[in-house]
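Paired with subunit B in one complex and with subunit C in the other, subunit A is shared by the two complexes that follow.
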Partner chain A sequence: MQRLITKQDLVNKLTELLKDFEVVGPKELSNKGIFYQVIEDAKELYLGQDFAIEPIKKFFLEPSSWILRHAKDDVSLESFPQSDKKRIVIGARPCEAKGLALLDKLFDSEYKDDFYINNRKRTIVVGLACAKPDMSCFCTSMQGSPAETSGMDALIFESGDGFIIELVTDKAKHILGSIGEDIKEDQKLNKDKMKALVKKVIKTPESLDKVFESDYWDEVSRPCISCGVCTFLCPTCHCFDLVDEEKKRMRCYDGCSFPDFTLEASGVNPRPTKKERYRQRVFHKFDYFKKNFGENLCVGCGRCIRHCPVKIDIADIVDKAPI
Partner chain B sequence: MIDQIKTKAKELLKTKKVDIVIGYKKASDRIGAIPAFIDKEGDIDKLIWDGYCVYNLSNYLKDFPGKKIGIVTKGCDAKSMTVLLQENQLKREDIFIIGIECSGIVDEKRKGGDIAYDERCKGCKPATPPIYDVLIKEEEKKQAPRLEQDPYESVRKLETKSIEEKFKFWQDEFSRCIRCYACRQICPLCYCPRCVAEQTQPAWFSKAVSVEGNFSWNVNRAMHLAGRCIDCGECERACPAGIPLRDINKKIEKDVKELFSYEAGVDTEQKPLFSSFDKNDPEDFIK
Partner chain C sequence: MKNIYLPHIAEIVDVKQETSDIKTFTLRFKDKAVGKAFTYKPGQFVEFSIFGEGESPFCISNSPTRDSIECSVKKMGKVTQVLHEMDIGDEVGIRGPYGNGFPLDELKGKNLLFVAGGIGLAPLRSLINYCFDNRKDYKTITIVNGARTSKDLVYKDEYKTWEKAKDAHLHLTVDCQEDNWTCMVGVVPKILEEIKPTCKDSIAIVCGPPIMIKFTLPVLMRLGFCPESILTTLEMKMKCGLGKCGRCNIGNLYICKDGPVFSYAQLNGMNYDH
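Showing the complex of A and B:
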């Protein structure tokens, strides 16, 4: 179901929703870039085409969150209370929302992660279609597109002075179905056409098994500085560490690029060099996850390429893997 | 210029003077550069030199223990090698420095696509590496004009703020820190085998992305570089959150200069600030 809305319609609706909902959306911080933050006033929203540095993941799988604490008796443990406030995320990109759909496969399937599921359940995701993918974007090679709705409740497209809103789920129809006006058949968007906006196209092999032992990984991982930019900014990377601080247990982001990630108490590290660590990142995304869940654990958002301090390009590396 | 770099690299590999040459090659986007590790003569033609060669390659020296390394080195990068030599992290005979008289590098984060020299290059003079084995000079006409700019301009501006204002300023900046440790990993002088941030018994500060954790991390990082940081600016460039890390580094650099008349990275014979003592050192800050 598509409807035509003006910018003012959107601002008015969000202002109304701010009474009952926590609203999260992109904000532009001068000289710093775009960041998803909790919005106090609908006018603060940035709905331009520049991408946020961090993906929307951080509102579902938080960079650090308390999960367990000592109960009042100081002996037993109890889950950390979670917020049940209704939330609306606006302006998340199709790739980031697809990242949520992939995380659902992991955190809401055989194993149920209460914290992630709670965050998903209390949130409506309204995406923003991409009119200007950049040179790092390769979503179409990851079964995505600038107008993909997977993982979303609704998607808005820039159209003239206003937007077209596509309502995907009943939840979105219920809350946002009343704004704007019905769309005429000839005003509807040709979503397939938008795919051509993405210029970076790569091929991904069915399996990387054959090249596990290749020297290729040594060569491509040499520039890597073992920081956490690629994993922390990735909409699908989900590895975490558990840390106890002040009678509370926290989980916080961790990443396979850090040498400490696989360091064992004995002092042995099964992934001792950048070669093994970088290979793990590529294999998890383009081999293991695919074998377990049928899809690449990558949405082609390009963040790890755009923000890598030494310009390592995972898409190029997978594309050129010596299969 | 690039021809001279290639000729030297070829000679070094051919004569087995070095096992590997660290330089720059084109990145996959065909605009930027990526560090290149050349160990075969046949790969030498991949080497490039232009304003996009932003990385301080001395960070990679630790990746090749026991090997002889040829390294393409800008003025600021050579300063960090000087510190590594002072701190016994390198053997001078293991490295062959292909010094570049750099004319400034590009500010990659600048929007709009116009090429501008990076902020960190503006106060840099001279651009000639303090140590080198061969010096390759930029053609005179290509050299960027050196601006007579106060290198501490932005530090002085921050110094005029009240304690509360400073706290507010840094709290805002650090609130965006995601603890990816890119600032540490890109730094040639952050070479501790186990960083204070990773220690858990005891845990010196919170791992949480919080005011406390983020303040502790960022201040600790900067303090561990006191009297050592040579302002290559790589931490600030690597930071995905746009935190002005150079302002903290520069503040400490300025204090060290004013208190101890010490400047890091200019002289290999000079002792590191924290392992030298002079009875005339000021001590009025000890209360």
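Showing the complex of A and C:
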């Protein structure tokens, strides 16, 4: 179901929703760039085409969050209370929302992670279609597109002065169905055409098994400085650590590019060099996850390419793997 | 909300010094209902919490047919160092059990060959005692247990029982000859070559340091064991124990959730980092 809405419609609706909902969306921070933040005033929203540096993942799998603590009696343990406040995310990009759909497969399956699930359940995700994918974007090679709605409840497209809103789930229809006006057939978007905006196209092999032992991984990982930026900014990287601070325990991001990620207390490290670590990142995304869950664990958002300090390009690396 | 990372509080009810750096802790859940509901298979492990320090995984080293929970811990990193300072009455957190455990049905009716090195005997001891407690289900039980020196051997009090059991053989070995040592001398793979256990209707269960496993596998193959009939239990750094934190995978399998018990046939087909 598509409807036509003006910018003012959207601002008015969000202002109304702010009474009951926590609203999260992109904000432009001077000298820093675009960041998803909790919005106090609908006018603060940045709905332009520049990408947020961090993906929306951080509102579902937080960079660090308390998960348990000693109860008041100092003996028993209890979960950290979680917010049940209803939340609306606006302006997340299709690739990031698809990232959530992939994280659902991991966290909302065997051994359900209710911290993540609670964040998902209390949130409505309204995406923003991409009118200007950049050189690093390759979502169409990852079964996505600038107008993909997987992981979302609704998607808005820039259209003239306003937006077209596509309502995907009943949740979205219920909350946002009343704004704007019906759309005429000839005003409807040709979503397929938007795919052509994405210029970077790669091939992804069904399996990378055969190249596991290849020297290729030595070669492609050589420039890596193990900074971990690629893993922290990736909408699908989910590896974490559990860390204690006195009587509390937190879960926080960790990443396979760090040397101590797999370093054992005995001193043994099964992934001692960049070769094993970078290979793990590529294989987890383009081989192992696919074997376990049927899809690549990459949405082609391009963040790891855009922000890697030494310009390592995972898309190129997968594309050119000597299969 | 169910918190899959939430441990239960357990009290240390006994501590036994096995070697200079290995202690066996006996635990009891504070909440009786939790204790009752806690069931496990030999080969499974738990996550131990020492609050303020963190968590570490340890296999449960006694059989579910006995009524306590025991874990043997080698002093290594920060959690184990603090644990080694703890005593009867102290409290730790336990969550689990995790992992697949040994394939008990597949072992039924077979000759069992246990091959252990050092603290590698811990997960095997759980299964060994389980098999002795269900003796009629298994044929001959052969145990080859090695350590660097006699001081490094664990579960010494149990050797007599194992030795005396019907249709059971225990071969103890140390790397180099020592005064007053009357058992075998030599590394585990060499001892296997000497005693030549039968591969017929047999399953070998191997656990020990990587170097021991590396040299034991070819010997077992030479003795006629096929990769399907060699089981091992693996270890890697683990945090969540639930296949989510992303550390302990070998290929697409997670040691914590799909293992820690694997057959050599399974491992052969997988991409190893090391």
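Just so we're on the same page, the second predicted complex is superposed on the first by the 323 of 323 C-alpha atoms of A that agree within 3 Å, B and C clash if a C-alpha of one lies under 4 Å from a C-alpha of the other, contacts with A are read in each partner's own complex, and residues count from 1 in each chain.
Keep in mind that, in the parts below, a contact is a pair of C-beta atoms (placed from the backbone, for glycine too) under 8 Å apart; a residue touches a chain by one contact, two chains touch by 3 or more.
A quick note: this is a predicted structure, and the numbers were derived from the prediction, not measured.
Chemist: Under the superposition described at the top, does placing subunit B and subunit C together on subunit A give a clash or a fit?
Modeler: They fit side by side.
Chemist: Figure out whether A:212 sits in contact with subunit B (first) or subunit C (second), or with both, or with neither.
Modeler: Second partner only, subunit C.
Chemist: By residue count, which of the two partners contacts subunit A more extensively, subunit B or subunit C?
Modeler: C
Chemist: Applying the document's definition of touch, where does A:243 land relative to subunit B and subunit C: first, second, both, or neither?
Modeler: It touches subunit B and subunit C both.
Chemist: Who does A:11 touch here: subunit B (first), subunit C (second), both, or neither?
Modeler: Neither partner.
Chemist: Looking at A:197, would you say it contacts subunit B, subunit C, both, or neither? Reply first, second, both or neither.
Modeler: Once the two structures are laid over each other on A, A:197 reaches no partner at all.
Chemist: Per the contact definition in the header, classify A:106: touching subunit B only (first), subunit C only (second), both, or neither.
Modeler: Second partner only.
Chemist: Could you tell me how near the closest CA atoms of subunit B and subunit C get once both structures are overlaid on the shared chain, in Å?
Modeler: 6
Chemist: State which residues of subunit A lie in both footprints, the one left by subunit B and the one left by subunit C.
Modeler: Subunit A residues touching both partners: 241, 243, 245.
Chemist: Hey, which residues of subunit B end up touching subunit A in the complex?
Modeler: Touch residues, subunit B against subunit A: 27-29, 32-35, 37, 55, 59-60, 63, 176, 178-182, 184-186, 198, 200, 203, 206-210, 213, 234, 237-238, 240-242.
Chemist: Could you please specify the touching residues of subunit A with respect to subunit C in the complex?
Modeler: 67-68, 70, 75-79, 82, 106-107, 110-115, 118, 209, 212, 238-247, 249, 251, 254, 256, 261-266, 268, 270-272, 276, 279-280, 283-284, 287-289, 291-292
Chemist: What does subunit C use to touch subunit A in their complex?
Modeler: Touching subunit A: residues 1-7, 9, 30, 49, 51-56, 76-80, 91, 93, 210, 235-237, 239-240, 242-249, 251-252, 257, 271, 273-274 of subunit C.
Chemist: Subunit B touches which residues of subunit A in the complex?
Modeler: It is residues 29, 31-33, 35, 53-54, 63-64, 135-136, 219, 222-223, 225-229, 231-233, 241, 243, 245, 250, 252-253, 258, 260, 274, 305, 307, 309-313, 315-316 of subunit A that touch subunit B.
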